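My questions all concern the structure below.
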Amino acid sequence: MQATVTSNENIFGSYFHLEVAAKGIGRKAGPGTFYMLKVASGTDPLLRRPISLHRVVSDDAVRFLYKSVGRGTNILGRLVPGDSLDIIGPLGNGFKVGKSVKLAMLVAGGIGVAPLLGLAEHIMKTRTDVTVVAFIGGRSEEDLLAIQEFRELGVRMYLCTEDGSLARCGIVTDTIEEYIKRYAPSGTKGWEMFSCGPKGMLRGVDAIASMHKIKHHASLEANMACGVGACMGCVVSILDRKAGVPVYKKVCDDGPVFDAEDVVW
Amino acid sequence: MTKRKTTTPPEKQVSLAVELGPLKMKNPVCTASGTFGYGEEYSRYYDLSKLGAITVKGLSLKPLQGNPPPRICETPSGMLNAIGLQNVGVDEFIHKKLPFLHRYDIKVVANIFGNTIEEYEAVAARLDRAAGVHAIEVNISCPNVKKGGMAFGTDLDSTYDVLKAVRGATGLPVLAKLSPNVTDVVPFAVKAAEAGVDGLSLINTLLGMSINVKTRKPRIANITGGLSGPAIRPVAIRIVYQVHRAVGLPILGMGGIINSDDAIEFILAGATAVSVGTANFVNPTAASDIVDGIKKYMIENDIADIRQLVGKVDIPA
Amino acid sequence: MTKRKTTTPPEKQVSLAVELGPLKMKNPVCTASGTFGYGEEYSRYYDLSKLGAITVKGLSLKPLQGNPPPRICETPSGMLNAIGLQNVGVDEFIHKKLPFLHRYDIKVVANIFGNTIEEYEAVAARLDRAAGVHAIEVNISCPNVKKGGMAFGTDLDSTYDVLKAVRGATGLPVLAKLSPNVTDVVPFAVKAAEAGVDGLSLINTLLGMSINVKTRKPRIANITGGLSGPAIRPVAIRIVYQVHRAVGLPILGMGGIINSDDAIEFILAGATAVSVGTANFVNPTAASDIVDGIKKYMIENDIADIRQLVGKVDIPA
Amino acid sequence: MQATVTSNENIFGSYFHLEVAAKGIGRKAGPGTFYMLKVASGTDPLLRRPISLHRVVSDDAVRFLYKSVGRGTNILGRLVPGDSLDIIGPLGNGFKVGKSVKLAMLVAGGIGVAPLLGLAEHIMKTRTDVTVVAFIGGRSEEDLLAIQEFRELGVRMYLCTEDGSLARCGIVTDTIEEYIKRYAPSGTKGWEMFSCGPKGMLRGVDAIASMHKIKHHASLEANMACGVGACMGCVVSILDRKAGVPVYKKVCDDGPVFDAEDVVW
């Protein structure tokens, strides 16, 4: 569908907020779903780029948070309001917040925070019975994103940076472990983790989740061609519980969110 | 009796119907194997009945897991893939995937492959008995699997043997999908004709490779992969042209078709019908848009029947 | 004696020098035949001494007019050409074009071709006696001429015979420019090695075609042409990788190199040096920029000697 | 070189004026020379597009007149002031106005007028001994370009349109023939033609020029890859007078302006 860029703001460093409008674009967009963006009209770059829903603005507008890291996202960075952008989506399963959840632990590494803000917002709006806490890590001060928005939502945050330039010096697993040490003794029943970030981080988070028997929903990334389940290009190895063997599942279609316990890291 | 005068001219009628041998299609637009899943994925974007045919992901006797990821990467105006023919297997296809396609007024081409001639034969035989399969496309040109695939397609005798076996196993129209990764496709096309196939699918992907200079690793785990997309279109057009001049079989042309002009380019080069592959990924409605575009071209250029254009590239004497 | 402390580290020294067999180049960047004229055209844009070598437009015994226009057209991330080897002939090259290149501290590779083995031999012999020619690149892979060119390059025996003859006619380093338009380049590389060449140039253009759907005519008068540019890079990388693994000869890699990352991709795949072709048209300073970019990559990645990277793509066990 | 777009105006229909600034870009630009423009940064479209010098604005700025006809020129049409544009040039031989010229007959078909305005300007500025007349033809009213500019220069114009929507109905060869019929009787000594337009028109103009022994300089077009003489892609067949046979000459380097008498049409 042809969306119209309503704003594209370089928030700092290589991070941008992009807001687009198109009839119905936000209607069925659940937290953790994503869109495929065609950044240029020619055949180079050829493929669409997957970008997560950051925030639903309205039925007809959504917001993205993206990092300019290569050719495609660099071109995105040059969009100006009024430009037209070819988008498909929302795609993917998104985060599902089960009935029994009491504490939603959102775990973000760097740009991985993108889908988690929308998740927080969604939970706050639809589930007053759930407490949301966010563990946000990044390389440096400027890689801690969406802090202001989480604050406005009233989400309690645990921040850390690898270089110590802001908040705690360390990685996000440290802050989670500390949190657990502090609060788990009174029980982790109803605790679930929702994470997005670099693979190494997700694996580390999952080790903690398993140890403490906390259900962990991880949003994964993969190179994508179609984004709709047709090409089989984006698979990850996931344990098939019934068969007891790993099978290839599609990140675009079966995911991007998987039960982290089943992911063959 | 006086004739009635029509004051407004009726919308021009153009005929898009084509025949790939015994396979009759209402228009020349098909989707390429491996790029359209089993049809369901794209049915959300338009009514599949719009298309002439769809070709489903390559089917093998048993389900296959395929290659480890990463399986795809982008290249200039193209992409590499080494899916490794992950598929549900022919039986599950027939029972779980095919029924969905019954809802549509569309021809279904089942793309098949195997590790041995016997496997090809067995898959073809099962599809022969399945309701709603209208043709079999024999992939002897997949660059991404060790055995089978390209090993058959780059040897003249194996090409003949596989195709002959499939021909014997089914009464359905058979298309041979030949490898472009050979010095000259024409002798393979001749062999395919001798084996009794009804048409040729040209081209499969070119064998390629890409290395990430940061990590110094191949960009896809399989090391090499198949190059598809607009980048390869000039190679595909050349092969379709060469084969059409040399061999009498109808051709299902493909390789880098993005829009209707590209489709017409293939038809002019000698393709009777075309398959849309990588373009589906870029634009989910690509194949449907191409049907519309061909019609428009015909109206604008006064082509009453698309078959008039087949092979009609204007070569100066 | 106390050692002096350096307070600022000296600029890192990196070595870009490479050897293509006996051909020593101060850096691995060369220009591809047919894309750099005889050097003069691009000397307006930078000092040619910056480059490791230049390869001049293919030379024949007699001047050649080449193919009628249109000779080129653009394709997705690439172009087709059918120049048909228009050139001034080897004698005029030696007398009128070569002296200009004497001004530069650069290696000159003379690309040659002929209609017969004798012609190849004669051209090589004349260049052998010319001052300032440092190597001969034997084109047996041009897709745009009827005789000679690709006809030699797609037949194993002819490949051997031509290369052997050229080898016998000159003491200069000889590079064989093989055709990518074959099922498997490796046997040709083996033949070239047997014929005693010093290195391999890979790849020449892929055979392609394009049709203008408005006029329904081929976009180039020769009907088919050679596809070059980024579009073909994945194919070129794959071929360089395959040949490097199989054959001991040093490789001059080319095909779609646009920037220094592309050049390094070829080196990792197995090229000792690289040629920049179509990129010169897009950006006149491309080859020079690539020298700078390689140096930068080496400094950033702590590569002291570019030869350390040759073939060092990291293939997981 | 990197030039900066200072204006890019859609004058009407598919015609645009593009003005760019870069140090020295106009310095050596003679009338009839051209530039190669890289319209997009990626590899598709890959090749540069040749566009003639329309007018030298200053040593550091030039103006183009172009028609949006395909992918590349469409992309050009989207440039806005401040954008950067990668340009090489000036290239080619350009129009040479010999000492003995007394009457310069400029003959333009459609967008072919682009290099001729600069030529008129050049002649008026440097050669007070030469009279300039312009024969300008186009399909329709809106294809008669640069009329205003020629008028400001004080160039006498003979206009025609194929559909008769403005001025005479007919093709440019008609107006030339009429002009010749009227003025040639008093001699065509010192008359020279300078033309640019579709090949068919140039050939027609040349037939008239030969008949009346008027020297004719025609600016030709060809598909180009390099624009600098290196690829041999842009050749046209030109009679080699010495050898008496046609040879292939490069439009970019030996041309784009050729002695029309020698062109093998």
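Details
Going in written order, the chains are labelled A, B, C and D, and every chain counts its residues from 1.
The rule is short, and it goes like this: contacts are C-beta pairs under 8 Å (C-beta built on N, C-alpha and C of every residue); 3 or more make two chains touch, one makes a residue touch a chain.
Since the structure is predicted, the reported quantities are computational estimates derived from the model, not experimental observations.
Common neighbours of chain A and chain B under the contact definition above: C, D. A count of C-beta contacts for the chain pairs B-D and C-D puts C-D on top. Chain A and chain C have Cα centroids separated by 46 Å.
Centre-to-centre separation of chain C and chain D, using mean CA positions: 37 Å. Once the centre of each chain is set as its mean CA position, chain A and chain D turn out to be 56 Å apart.
Residue positions 43-45 of chain D each touch two or more of the other chains. Chain contacts: chain C has residues 76-78, 229-231 touching two or more partner chains. With chains as nodes and touching pairs as edges, the resulting graph is complete, every pair of chains being joined. Those residues of chain A whose C-beta lies close enough to touch chain C in the complex are 43-44.
Chain contact summary for the complex, chain D toward chain C: residues 38, 43-48, 86, 88, 222-237, 247-248, 253.
On the chain B side of its complex with chain C, the touching residues are 75-78, 80, 154, 181-184, 206-211, 213, 215-218, 221, 223-225, 227, 229-235, 237-238, 241, 256, 261, 264-265, 268-269, 297, 312-316. Within the complex formed with chain A, the chain D residues making contact are 40, 42-45, 71. By the touch criterion given at the top, residues 76-77, 230 of chain C touch chain A in their complex.
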